[in-house]
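Each of the next two complexes has chain A plus one other chain: chain B in the first, chain C in the second.
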Partner chain A sequence: MPDTAQNKGRMLTFEILQYNPSDPESKPHMVTYHLEETPGMTLFVALNMIREKFEPDLAFDFVCRAGICGSCGMMVNGKPLLACRTLTRDYPDGHIQLMPMPSFKLIKDLSVVTGQWMDKMSKRVESWIHTKEEHDITRIEEPVEPEVADETFELDRCIECGICVSSCATALMRPDFVGAVGLNRIARFDVDPHDERTTEDYYELVGDDNGIFGCMTLLGCEDHCPKNLPLQEKIAYMRRKLATAKDTGGGLEIRVEG
Partner chain B sequence: MKIQYCDALVVGGGLAGLRTAVATQEKGLSTIVLSLVPVKRSHSAAAQGGMQASLANSVMGQGDNEDVHFADTVKGSDWGCDQEVARMFVTTAPKAIRELANWGVPWTRIKRGKRSVVINTKRTTITEADEAHGLINARDFGGTKKWRTCYTSDATGHTMLFGVANQALKDDVDIRERKELLSLIHKDNRCYGAVVRDLITGELEAYLAKATAIATGGWGRVYRTTTNAVICEGTGQAAALETGVCTLGNPEAVQFHPTPIVPSGILLTEGCRGDGGVLRDVDGYRFMPDYEPEKKDLASRDVVSRRMMEHIRKGKGVPSPFGDHLWLDISILGREHIEKNLRDVQEIAMTFNGIDPADEGSKGWLPVRPAQHYSMGGIRTKPTGESPDMQGLFSCGEAACWDLHGFNRLGGNSVAETVVSGMIVGNYMADYCLKNDIDIDTTTVEAFLEKEEQAIREIMSRPLGDETIFDIKRRMQEIMDEKVGIFRNGTELQEAVDELQDLLRRSRKVGIRYVTHASNPELAEAYRLPKMLKIAISIAYAALLRTESRGAHYREDYLERDDANWLKRTLVQWSDPDATLPEVFYEELDIMKMEIPPAFRGYGRKGMIKEHPQSAERQAEVDRIRETLEAEEADRFEIQEALMPFDLPENYKAKNERQGVGYA
Partner chain C sequence: MASIIEGYLGKRVDGTRSRMPARLDRWQSATGVFLGLFMWAHMLFVSTILISKDFMYAVTRMFEGSFLFSEPHPVIVALSVAFVFAVFIVHAGLAMRKFPYKWKEYKMLKTHAFALRHGDTNLWMVQAFTGFMMFFLGSVHLYILMSNADKIGPFASSDRVWSEGMWPLYLLLLFAVELHGSIGLYRLCMKWGWCNGSDARAARKRLKKAKWIITVFFLTLGLLTLAAYIKIGQEHRSHYGERYHPAAALVLPYSPVQEVRS
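Right, the complex of A and B next:
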């Protein structure tokens, strides 16, 4: 094992925000815990130890513990990360501060409501295939160019973790901003040959300041996206596309920022 | 009292639950889905490798069809499956995958012309036909005759789940997250819905429905080392068990996957070996061909897992602080292939172990050891998905024992089962909803709600002792790992059953430190633990009673597959809530109705079968029917129908078209 021995036994200091907004007596406060580091320790392992040893009602969310499901986004020393993929050995001074992700409603401690946020976003961008064709599923499927399928897959890898949203200044200012995640979703359906929507259709959905024109290209999203999605490139591409579509179409005035 | 009404209530928002919900909602029934977590985070998202469906698009899949898929599935199950269900499944799977393609799942597609693949550690060139260009591709998986496992790189479950969840959003299915099923509301053997706890507010609500489906996934977390997500605790199945009426089928049938990475237990997909990766021992030696000359590293999972442990026991494991392990070598596939088709695997290895599997030679080898992976057992259902014991209660997906998998599930057959059973069971569930009303009195509903309220008050009133919930839970998981694992024997299983019963008693007394209702993870642990223990006991006890080896259930003290005495399905019922052991019954499998009577699987140990006299009799009958019909030039569908007729809604029973052969 490459990651055993050398770190064994180091004392880690965790500072964790605790707050239960549903309890009128509760006030946000930081609580400190000390924990001995174990080989290959992730924040998933550490937080469960803290729950078992010190704080049985500490709230946090993990499901897959493998960086696949997008449940465990949190602020680690100020940066939004998937906690289950974050190794304690990457913090040389052994000091780790944990806060819930901003922009999402806090449930308690490190647990926030991302699911409903994502469902709302999905409905806003109509995150499903739009087609008039009736398919007979006993028949051979429609062929798709392998490269196009790959390209769709690349953008379909988003796990709705919300990290792009919590690293986005626009999202903080505009609670209804669809976020990089929403704009990426539009780009995903745009490349999918099964979807018959036109650029005008997408304009209807996100052609405003809570959509494609809200992005201030601060790049926080792409820097932190755990799936390394090409968010800036896709957002810029969609913005150009939607801007020109509306220019040539209705001649509406559009504001293009950034 | 808070009561919510709907036509169809689906508990569980993984692939199985969501696909069921789409089926009922699209029939005009108001449908609610409940889930512990946002549905797109369900464990289905973690499936990497792929979904089996006999499309036969690729040159390596040529000649594949329902019949071949059926035979693979039956052999894989070690003849434990329900063959009618397997037929329903293989007939619907191609339709399911084509439906998903229309819903936007970006299946990896075939490129015409030459393609380089690794078969049996050798780089080989295969040539895809022009007609296949752009059709859905497939990879090789364990226990299959053809390359049949369709995939999207190595994030198949994720893309499938998003595809189905998006369809559910489109259909306006009412999806509610952070809601936990505590118990089922039932009267006179009919189910009317569920008592549900809101995990944010702690409030209890009654959901009343014409029909209820449980699609709560597997119960892997009763083990300590498992590939399963942390929410796979079997509480849905336990709720069914706690009705005292519903039964669990074959709980002892637990699958161990050969290649979870050490020590985290995170799965490295079977696609690693399917694409040509191999297992190596402490000497770097590829040992599987010595044990399994034909299927080698790609025998079925139960066989590979056992061979690996056998090899470790021979002293050929690699010592590590986390116990002995073996190596998985995918470096031979080359960096390009890994970075395109096994990217999640690479990411997991780099993140959690600091190893880049594309690095050449031993530097890229990954430490692996078998761990709990899949529950073949679950809520026993009829082929329609309805409980044979309770009307209006349905179940599908990993939570159910529909019995597609018998004693061993083939890789790629599970995500396929989730969507296929969602289509079929959702269909039957809708029929049930259309024919039945919610005719239950509020006093009964109130009583069920009050019972759960009372149970939670009781937990909160317990004094704090020396022991915590977490101590008991960990001990349960250790027992399951150590004594109810890959190799089982009577002595250890008895010890496990005894100690687990003791843990169950203790779990009913253990106090908690915080006594708030809202968002209290410790309280949730406290009411879940006895449920988990009931599942653990059911597994261990059924394993103790089954004195044979079949599929993944391997008894060192009973090495033979004993068809003469054990060709039957275990049924477990928990009628006395205060008991610490369930009642166990058996359901005979009728050989004389089987399309493929019991025989050797073609891999695993030879000559280890105690034959049932009817196997030969039925085989002769099958041969005779086949011969007669072939002489009359009957097609394969007519022959199949004569051998073992099965019911399926017409739209799903329809023939599937394939490249080059049409609907033949």
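Right, the complex of A and C next:
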């Protein structure tokens, strides 16, 4: 195809934060780049072109390029999105501002560590199956009803991208808030028949103002989750359960010795 | 002793978490539901002035116990206001826990809300702002009505609005209440999933639409009502302090109402 003016893409303007917190000389600042749009261009493509053409030092994260790994979350014109699934053509004025996701530790430019945050959350909600049953791998597992399994798999689709955290004003204001990802995890184990934990057990993990009762139902998570998880529904369900959790303890007698 | 241990160590003597956060969350919602629904009913009663002075007078008398006693008993109104005031204070105390209370939190919230351009986050900002306004506006209104429970009626209320200069407060309070209440009731449905049904997302869309219709309805009704009180207040200015005499009671020679009041 001849390279005529008609085939040329429009010029996009990228404004990207650059900052390296580990370098004492570095100061956070925005840098503007102009780039010609190509057909079907995603932010992943654009960022690689910027790195190739203008800024070899630009830091950003990508792994799968298909919205599966959850590495490339960033603030695109103020909205947290997966960069690999964001098309430049969805920005009619051609102006795209990129910032790293807040609430996660910044490595450099657009690259943040979501892993540390997720690790803390996983430990807090004890994100593993709790069961007293001894597993014998030589025997066939107990069958699970397909509907029940589907419900668990549905919530298990979370990719820990951190977008629910970065779209939640509560999580941004209160760094100890467990976030939709943590509450969804609780809901996931609650529905999983392999997990023997009771409502009262979950209350011990998230039954406070940094947990389920800290959620102010701003619904940023529900409206931005790239995996379309039913977060409003599940958080409401867990809230109903935990708000009426039985009080199993607190009244132990204090022993008097001697 | 157990309470002291919990206070200092942050955990109960058997190591379990307190149920207090759950209780506070339930009470915040319960007081919110009560106040939200009460304000809708309140608006409907107050707006009876748009139908006629007599009708508004009859409603006022009903709250003073006209269905039980021949004499008006404003103390019933005073006690009712005191109860609403108490619920209002409890709700304010519980809901203010959600405010951004440090500059850093406020800065984060403001930056985020402006950048995100997300409907429900913005609605929360409106709710927090109107909630803060009502600490003051609501308290003034409730205290005045509690201490002047006998001065409610077509003329007495209009005099308060116009001659006593309360209309600017009522105008601000109207917007604060109607926005805060309808947003709050919508959020409560989302928070607890009361209206989720089989398709939570479709339900949310419907509910949000209903929320806006209700907000516009009550704001319009409120503005018309306030305009009516202002108009009556202006006309009645030269007779400030005089009470209303219902037309119906004046024509009935054997009216059971001995002392006609407004």
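Heads up, the rule we're going with is that the second predicted complex is superposed on the first by the 237 of 258 C-alpha atoms of A that agree within 3 Å, B and C clash if a C-alpha of one lies under 4 Å from a C-alpha of the other, contacts with A are read in each partner's own complex, and residues count from 1 in each chain.
Rule of thumb we're sticking to: a contact is a pair of C-beta atoms (placed from the backbone, for glycine too) under 8 Å apart; a residue touches a chain by one contact, two chains touch by 3 or more.
Quantities reported herein were computed from a predicted structural model and do not represent experimental measurements.
S.K.: After lining both complexes up on chain A, report clash or fit for chain B versus chain C.
M.R.: fit
S.K.: Scan A:65 for contacts with chain B and chain C and give back first, second, both or neither.
M.R.: First partner only, chain B.
S.K.: Taking the superposition on A as described, I'd like to know which of chain B and chain C A:39 touches: first, second, both or neither.
M.R.: first
S.K.: Looking at A:159, would you say it contacts chain B, chain C, both, or neither? Reply first, second, both or neither.
M.R.: first
S.K.: Scan A:108 for contacts with chain B and chain C and give back first, second, both or neither.
M.R.: A:108 sits against chain B, while chain C stays out of touch.
S.K.: With the two structures laid over each other on chain A, which partner does A:219 touch: chain B (first), chain C (second), both, or neither?
M.R.: Touch partner of A:219: chain C, not chain B.
S.K.: Could you tell me if A:10 is touching chain B, chain C, both of them or neither one (first, second, both, neither)?
M.R.: So A:10 meets neither chain B nor chain C here.
S.K.: Between chain B (first) and chain C (second), which, if any, makes contact with A:138: first, second, both or neither?
M.R.: Only chain B; A:138 stays clear of chain C.
S.K.: Comparing chain C with chain B, which touches more residues belonging to chain A?
M.R.: Between chain B and chain C, B touches the greater number of residues in chain A.
S.K.: What is the contact status of A:124 with respect to chain B (first) and chain C (second): first, second, both, or neither?
M.R.: neither
S.K.: May I ask you to decide whether A:203 touches chain B, chain C, both, or neither, giving the answer as first, second, both or neither?
M.R.: After superposing on A, A:203 lies in contact with chain C but is clear of chain B.
S.K.: To make sure I follow: the centres are taken over C-alpha atoms, the vertex is chain A, the ends are chain B and chain C. What is that angle to the nearest 10 degrees?
M.R.: Placing chain A at the corner, the angle measures out to 160 degrees.
S.K.: Between chain B and chain C, what is the shortest CA distance in the superposition, whole Å?
M.R.: 17
S.K.: Within their complex, state which residues of chain A touch chain C.
M.R.: Listed in rising order, the residues of chain A that touch chain C are 75, 77-79, 102, 167, 169, 172-174, 203-204, 207-209, 213, 215-220, 223-224, 230, 232-233, 236-237, 239-240, 242-245, 247-252, 254.
S.K.: Can you list the residues on chain A that touch chain B in the complex?
M.R.: Going by the criterion above, the answer is residues 1-4, 20, 22-23, 39-40, 42, 51-52, 56-59, 61-71, 85, 87, 107-108, 111, 114-116, 118-119, 122-123, 126-129, 131, 135, 137-146, 149-150, 152-153, 156-157, 159-160, 189, 192, 194-195.
S.K.: Show which residues of chain C lie in contact with chain A when the two form their complex.
M.R.: Listed in rising order, the residues are 1-2, 12-19, 21-22, 24-26, 97-98, 100, 105, 108-109, 112-121, 124, 187, 190-193, 196, 200-201, 204.
S.K.: Under the touch definition given earlier, write down the residues of chain B that touch chain A in their complex.
M.R.: 37-43, 45-46, 55, 95-99, 101-104, 106-111, 133-136, 152-153, 155, 158-159, 162, 166-167, 169-170, 175, 177-178, 200-201, 229-231, 262-264, 266-267, 320-322, 344, 347-348, 351-355, 367, 468-470, 512-514, 516, 518-523, 525, 654-659, 663
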